[in-house]
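As structure tokens, here come the structures.
Next come two complexes built around subunit A: one with subunit B, the other with subunit C.
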Partner chain A sequence: MTDAMPTRRTALALGAAAILAAGPARAQAGRVARIGLVQSTTGGSAALYGTEQKQAIELAFDEINAANTLNGIRLQALHADDGADRSQTVNIFQRLIRQDKVVAILGPTLSNSAFAADPIAQAAGIPVIASSNTAPNLTRIGDFVFRTSVPEDQVFPTVLRYAVQKHGVKRVALIYGLDDALTRGAHDVQKKAVADLGLEQTGIESYQRGDVDFSAQLTKIKARKPDALILGTLAEEAASILRQARQLGFDDKVVFVGCNANISAKLFELAGPAANGIIVGAAWFAGYDSPRSRAFVEAYRKRYGSTPDIYAAQGYDAAYLLAEAIRRAGGADSGRAIRDKLAGITDFEGVLGRFGWSAERDATVTPKVLVGDGQARVFVTAPGA
Partner chain B sequence: MILQQLVNGLSLGSVYAVFAVGFTLVFGVLNVLNLSQGAVFMWGAYLGLEVVGTLALPLPAAVAVAFVAAGLLGVLSEWIVFRPLQRRGAHRWMGMVASLALARILIGLAQEAFGTQVVRYPDSAMTMASLDILGARVQLLQLVALAAALTMVLALGALLRLTNLGRAIRTVAFSETVARLVGAPVDRVRLATFFVAGALAGGAGVLWSLVFQSVSPFMGDAILLKGLTVLILGGLGNVLGALAGGLLLGLVEVSSVVAVGSGYRDAIGFGLVLAILLVRPTGLFATREAKRA
Partner chain C sequence: MTDFYYAYENVIDLCLLNSVLALGCLLLLSVNLLSLATGGLMAIGAYLSIWLTMSQGWPFAPALAAATLAAALASAGLGALVLRLRGDYFAMATLAFTEVVRIVALNWDGVTGGALGVFGIPKYTETWHLAGLLGLVLYIVWAVRHSAIGDRMRAVAEDELAVTASGHDVARLKLAIFTASGAVAGLGGGLAAHLNMFVAPGDFGFLRSVDAVVAPVLGGVGNLFGAVIGATALTVLPEALRFSAQLREILVGGVILLAVLFLPAGLTSIPRALARRMAA
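Up next is the complex of A and B:
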């Protein structure tokens, strides 16, 4: 492994160099906007998200270039793989900005990398749009940092409000994973949303990673008779909780409200019919019924033979938003001009729906409330959402 | 609610007990700690799943296959880890570390063979059946787990007390040198012990996956730690103590959730070990006679 790593790195570097060398030669007489595309395509699970985004962004660029919507400006993606390693991300940002003279960067894949590398782009006046960073306060790095990825705290309150309105939820219990940053983060958001809506909280239970027996916690929760149980859990744990709650004879009226991490085919595989009725929220899902979203899913499937995930959708919107900013700026010569036009976009119709920016340059999208269909094993739009 | 928690604790504890009985047997007889036991537990769960899932055979077949295959994995650990090391006169700590290495290899192989994602046994009438007893919901499987724990311990007790093999095992447990002097087949006894311990771990793996509906390559790590806890609770090498210790640990874990809070579940479980080691280092149930096998 230790021997293979440098070799693979070298190969990637050579590959990247080859692409970069070929780039200018391929540039035609028309103007070219060079865009850095920093997505991990190696490096564990980050590679899954990175590859989805890279593919979606390349699809978007090809569509934009083919339609020639930018008055003769051609978008050129310079992809570099940081291997989910933030020191690599820093090197790549420096190279893209100093040598390759990109006018904007799409990425990086991981929030950790973004915190390390985005300040370089900020200092150089190059706008960055992330499409999979969900860490809190990311855009406080500076006014050149944007993101189309929607963090949990913009989704969950809508989901909980739906549960309150639709199912008359008043008393809630919460359960979450104690030793996982993702589940803890989700729990914090959920607890705040419960307090903000003025719901009565009847108990908080927790568990540790690897636990598969939740019966003690669930028995305790059941005795307190909540209207809803809120899950700050991974999909596997949510599945076990749903099954065991049914086995313990939870009232059918108890509503289960999940978090982003529960939106997974794994949930249905493991929970079976017990996943029926679980309510979750997402910025986007593949079944989202809008013309723009349907066209994207179809084009992505046709080109890559798989269904795009939410990161692909967010990457695709990031690419189109950037193109729109370049079009409005009338050229791709100044990072500052592109940033200003980008920040001014308030009415963009994206795959995720109507799109704008918050004061902090986070995407503002109406979250979609979804409900689990245990028989069909998919999430569908919640009735009346 | 108290009754329901009692059911929760006993069913959790009975799986701990089945696992720990084999664990403590190897320790009591051979005076070695076999840390590959958790990985054997996991392989038992996966092999059982292959039998009911891929081969679509009934559940008893899965238990049988898991039992025998995991027993053979136990034998394998004697052949490739403990026996060669013992022949070279290595310190028994070496066996422990080497068995940990074997565990990592077994986990790595499982990751390759079955992937890293959590899977579960298919639903059947037996896995879904449950009954209400005085307001507590008891799954049929929980009763099966408890019955299995009691049966296995009784069977093992009978084996140790009433059969020639049992007498030989107890002789080896007393002293391997003495056993060789009186002509007991020490090598065969060692293999038999590893087989029984592995088989119990594999059986526990299937039980666990049926009751909690979760199979993953890493499932053995948590139960290995619980097994060590039970070993201390029940007294090292004490088979009956392992049964009592397993049930006790299950009940303690559940009551810590009820009385203190779920965040402290493991802290209390493992805190108990520390307390027992300080106050009663031979374990809660240790007596002179029962101390080893």
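Up next is the complex of A and C:
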């Protein structure tokens, strides 16, 4: 259950042992830091995000162990799949903390699961780093809860400001998914950003998960002549909205501004050229040009044969941040010590760029404004951003 | 033993809670009613109880009592409307109720937090509450089954028309059972809401309702402990099969399918089936 790939692990352990034997005996061999890795690998769309994070974190752990960054402490990931079911996440947290005695937990995949399970870690004094939870107020659960996933409210205001400056947007309409925590949370942030920038809001439309026809909402929006349409939607729905808006004859000058969830290869697959010009903001994208990011993308592609998504990048940084905290704490005996060192990290150079924590233990990373290129089917850095 | 409890506390809590909900459905199944209203009734109990404990400062016990009462009333009202429907139509009407409650919960932000849910709910539910409740509900179901009402219920299950013809008020009996089952669901909802510090409308939807009906069928409707065994199996199975990673969902489904195919009288019929085989 914990070792999905025993052969690779054995090989790495042997490799690490060889390095230890060859080098000077400065490190105490055989110390193991057990880390809970709670990522959904079954259970619908959450499994996509969960698998990416699990793979990236295991990659990071193997790199750290092979390089012996922690002076003889080996990171051991105990992965457990919660099936995107909150009750199971709680079951897993209890077992990992109380029976397996992990010193830290990376995960869980879904914010809703985190709200139920993180309090257990908080009470036990075990630090948790999430890399895909974006719900507002998550870290208020307590001072042991961190996240490398950048919540929408740190990204969207920058994106909207860019749209205003670049395209002279004044009147906006919003559309969002009513019954999904992710889209609903994005919408709340978007609405606030619109009000903060003093833009005129001409209408809000909503839909429910599973809807495929948005023509009624789009016809209403079109009649109000907005300069921009703001999407609080998942990638599939954003694609349908983009295509149907073109069919309904939206003015070419209308700017589409998306949210974090729209940054997906699926958007281009489904929307095609209609995705041209959509503006989104992200903490990271696969084309981000920094040495650390390029090395990560290359290593991930080499091992798994696919391009990592943003959740993988955030998971990878979470793993390295945790390792850095363990290194600074000089051991993995106390969750409290690891938490304190983790909270003290201000100058970490990660895949996402320069990392720090806000007062609320959210990652502070400069958001990148991106523009969809419908022909090349990728997001590129927005001109003049 | 205490170590085991400590590591698997939440699994045990969920087994107890799901057993209680399954017993509520067992009562209905024993008069041929397949209800999918469990989720909606739980939601009423859950949201009312957290509103009372979190916004109104009520202690836990009266909040639970209010949750039970509210769900019983909702159940009585719903029952008066839909109990005249039969078979598939009754199941569909109760499912519609669960969906309506879910959609109201999604839109009533002030109380339910909409799709984002309510977090930071105080953890008041203890294992002994759930164990005590399960014991109580088991006793009540046992007592009802061994009373004159139980005889009438079995008669209704066999031939409803005959019972009506002999001068018994079948509609009233069904309404009483439906209301009692609603009270159990509401109390279960209140306890569930205070167990994991967070609730969202999705917790009380179609899947929750189906699980509550599948459990007694899996365990065996004829046996009092069938509901408990079925609910425990459904709760423990995903935990026990976690090693199988991607195959897990298929294995859980496969085990249930095999049980239904080869043990039509439920898991509780295994000893009897074995005994018969030994004798033969």
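The criterion applied here is as follows: the second predicted complex is superposed on the first by the 315 of 385 C-alpha atoms of A that agree within 3 Å, B and C clash if a C-alpha of one lies under 4 Å from a C-alpha of the other, contacts with A are read in each partner's own complex, and residues count from 1 in each chain.
By our rule, a contact is a pair of C-beta atoms (placed from the backbone, for glycine too) under 8 Å apart; a residue touches a chain by one contact, two chains touch by 3 or more.
Since the structure is predicted, the reported quantities are computational estimates derived from the model, not experimental observations.
Chemist: Between subunit B and subunit C, which one contacts more residues of subunit A in the superposed model?
Modeler: So, of the two partners, C touches more residues of subunit A.
Chemist: Applying the touch criterion given at the start, work out whether A:205 contacts subunit B, subunit C, both or neither, answering first, second, both or neither.
Modeler: Touch partner of A:205: subunit B, not subunit C.
Chemist: For A:178, decide between first (touching subunit B), second (touching subunit C), both and neither.
Modeler: After superposing on A, A:178 lies in contact with both subunit B and subunit C.
Chemist: Please indicate which partner A:295 is in contact with in the superposed arrangement: first for subunit B, second for subunit C, both, or neither.
Modeler: In the superposed model, A:295 contacts neither subunit B nor subunit C.
Chemist: For A:216 in the superposed arrangement: first (subunit B), second (subunit C), both or neither?
Modeler: After superposition on chain A, A:216 lies in contact with subunit B alone.
Chemist: With the two complexes superposed on chain A, say which partner A:249 touches: subunit B (first), subunit C (second), both, or neither.
Modeler: It touches subunit B, and subunit C stays clear.
Chemist: Kindly classify A:380 by the partners it touches after superposition: subunit B alone (first), subunit C alone (second), both, or neither?
Modeler: After superposition on chain A, A:380 lies in contact with neither partner.
Chemist: Just which bits of subunit A does subunit B share with subunit C as contact spots?
Modeler: Looking at subunit A, the two contact sets intersect at 178.
Chemist: Would you mind writing out the residues of subunit B in touch with subunit A in their complex?
Modeler: Residue list for subunit B touching subunit A: 1, 4-5, 8-9, 12, 117-120, 123, 130, 132, 137, 139, 208, 211-214, 216, 218-219, 221-222, 253-254, 257-258, 261-263, 265-266.
Chemist: Using the touch definition from the top, list the residues of subunit A that touch subunit B in their complex.
Modeler: Answer in residue numbers: 178, 205-208, 210-213, 215-217, 219-220, 222-223, 236, 239-240, 243, 247-249, 266, 269-270, 272.
Chemist: Could you pull out which subunit C residues touch subunit A in their complex?
Modeler: Of all residues in subunit C, those touching subunit A are 3, 6-11, 14, 103, 106-107, 114-117, 119-120, 123, 196-198, 200-203, 238-239, 242-243, 245-246, 248-249.
Chemist: In their complex, what parts of subunit A are in touch with subunit C?
Modeler: Interface residues on subunit A, with respect to subunit C: 1, 4, 41-43, 80-81, 83, 85-88, 90-91, 94-95, 98-99, 112, 115-116, 119, 135-137, 140-141, 178-181, 183-185.
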